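Chains here go by letter, A, B and C, matching the order in which they are written, and residues are numbered from 1 within each.
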């Protein structure tokens, strides 16, 4: 039964409305990222949705520390935070996926480590700030505050629940018979995992990596707590971006926000098929 | 003779395989287990210890010497009377109570619009997922910009109100909370939408048709066919968002830093401020433990409630699988 | 009670025409099977009756009034889906009661009606069960009962027996006939199984690629196929279709089957058919069951063949015959005494033969 024209129209109106609400904040920030200094403060120029004199100055400033029209130069550019974000998010992701994959396979196949599924889920249940004091003490004691390895390690732990549960659902989908056949052929148990099962969940591993990377890349709190200067990540740097003379560097923050937002959006869209699974720890599949 | 020997050999081989598997399994699970001990067992003990002292990093003594300022449960009795903490708890709950249902209803509404296919579906679907992919800290900043006194929100209100609007969103004790909630709803409605749409798409089309052919109208189909099948999905979505909303920090911190005053201070924000502004680490440790215990009780209660209530549906669910299996076999 | 009429009914999905100008009348209280291979448009036709699909063109009339614009839930059509579409989250009782509950009937009335239908369907001791725990056979009965309870004037069944095990299928076949008689409804039944269609339906509509091939009683369709498609599709083994040429020798027409020899036409109807042929190239259709096999004899009425293979199937034997490129099957009694490689003559009883035009496969000489 085809819906009536009125129903179709209503649906489009609602959907377009929702899409507009979704896009307005994003577009406003993008527009700001290309606005020159004198257009940041709407009080002076009035609200205008499109930059009158579009410029790449904001990007230039955060990368080189200088731009036309701004006297004060930036002595700490965004280059290092971007590198820090990339490095720690990647390292944390790789470790989380390795540890999660191994654990997930053990639980999925060997009926050992029965505590793991719920324990890792608990990691996600509690607010990180509620356990931050001992973590900060430990990190300080081990000399891991404001280091790349310290941040990568906490990222590994924070995203372990996701990598573990996601990989577990992927392993659960591989029929036991395939492994049994390989075992009969005389493969050792680890070889079966390495040569038979792992290649079968390649797509799953890839999407898990991307998903976990997005989570790590999106982190703000951990970096805020465990870094000081050398290894601050993009969000921390972005939020602190201000100079003594110019105050809040609105356009630069927007430019940086845009840079920070692009990778997760692209990666997220590329693994759309697995988003539901990832976000619900594998409880639901699309 | 040889048959029984073969059996024995087979049994022995199976046993040794099982042994090998268990060994390998434990080995493979070891890194995850070690990480858990490292991040759960050890810190919890440490937190319990520190929370029973007056220790602060300003003291100049290492944390393990904290016993020098042993105070038993002084921190905990302070905590009970800490009105700022209870205020933060109340505000956090308020955010959960307002935002999660709002996200749910909006997400469900959107999902119903997307069940059948229509031209442009993929594009709109993709665009609607954007908010949850944009980094949360960036979302905070986006809404910080939007809610400036001379920002676009006031501009839009001005257009509709017919005069310039000068609402000071982020500096108003009541409106700051509204602004923060709007940001939260904006960011996480897509997640509800995504999950609920997956659930809705899972409702068998034939059953919807059958209901319709039996004379059920849209309302009856929704309540009698769609909702019962969506139960699990809805519970998962609500639990997920509730748990995450209880931790709310990024958007609040960037939009208002908990202000004006403490008007938008959540539990996480309060803990953060006590940690970094006041450096009262032992007190923060006690708050953290209190929150952990409270949330565990809440989670336990929730699980108990769900298990108790869902005993019957659970039977039906397994029965469903049975029936589906039978159908598959028949085919 | 309803008579269903299709007038120029057409359904297109993009460039694909699923149903092409279907004209058909299904009489009130009749039991009609839509029969055809998958993709022939039979399910689409059914969905259009139910209102699940909207026709691209043409009309569907229930008792003379066009119902194309009538919404799906007001058509008074009962539909039993191929997978039964049981509401597995409900009990058997709630499944049966669903159609009445959504109409807001009083509880007592619903209760009585459910009991009555449950008894008819022999589900009375299953009412409290979660419907998901039923066996497939019971699900089938539940699906029929659930549709029957609201007393639809038209009952549609989509391959209702295809999921059942063989024994229960036999049982359900007769059961369906009883049910139809008891409910006195117009039943339309979609199937790809010709035996099911033959044994159940009053009338069969054979469809292929969206086009109605033939509409008639099972006996009619079996013995008087309208074209080679119907001839091939109905019957197992299907009708022998023997390419041949019409030749004349004096006054008599002969069918020349190459190396297998020639058959002089003696039957009037067949002669008329041969004379109606637009070209000499025709196809002779003869059912394997009616073929007479005799020891090799030059009768001028038979085909000279060799027994290639004997295939015993239960009480009967399929005899594979061949001569050059011509392959013919005959079905004979189990006790039929013949041996492989034996030379025989196959005599087609000409009254039971059909001639088809070789170009378009249509039967020659009218129905």
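Basically, a contact is a pair of C-beta atoms (placed from the backbone, for glycine too) under 8 Å apart; a residue touches a chain by one contact, two chains touch by 3 or more.
For clarity, every value in this text was computed on a predicted model and none was experimentally measured.
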Let me check something: if the centre of a chain is the mean of its CA atoms, which chain is farthest from subunit A? C
Report which of B-C and A-B is connected by more C-beta pairs in contact. A-B
Using mean CA coordinates as chain centres, what's the subunit A-subunit C distance in Å? 60
Taking each chain's centre as the mean of its CA atoms, subunit B sits from subunit C at a distance in Å of 57
Centre-to-centre distance between subunit B and subunit A (centres being mean Cα positions), rounded to whole Å: 16
Check each residue of subunit C and list the ones that touch at least two other chains. 51-52, 72
So, in the complex, the side of subunit B touching subunit C is made of residues 204, 206-207, 209-217, 220, 224-225, 228-229, 313, 315-316, 319-324, 326-327, 330-331
Touching subunit A in the complex: which residues of subunit B? 17, 20-22, 24-29, 31-33, 35-36, 38-40, 42-44, 46-47, 50, 62-63, 109-110, 113-114, 118, 124, 126-131, 133-139, 141-143, 145-146, 148-152, 154-155, 186, 190-191, 194-195, 198-199, 201, 233, 236-237, 240, 243, 246-247, 249-250, 253-254, 267-268, 271-272, 275, 281, 284-285, 287-289, 291-292, 295, 299
Contact footprint of subunit B on subunit A as seen in their complex: 8, 11, 14-16, 18-19, 21-26, 28-29, 32, 41-43, 47, 49, 98-100, 102-103, 105-107, 109-113, 116, 119-120, 122-138, 141, 156-157, 160, 164, 183, 188-190, 214, 217-218, 220-221, 224, 234-235, 238-239, 250, 253-254, 257, 260-261, 264-265, 268-269, 272, 275-276, 279-280, 283-286
Per the touch rule above, subunit C residues touching subunit B in the complex are 50-52, 72-75, 77-79, 81, 83-90, 98-99, 102-103, 130-136, 139, 146-147, 150, 163-165
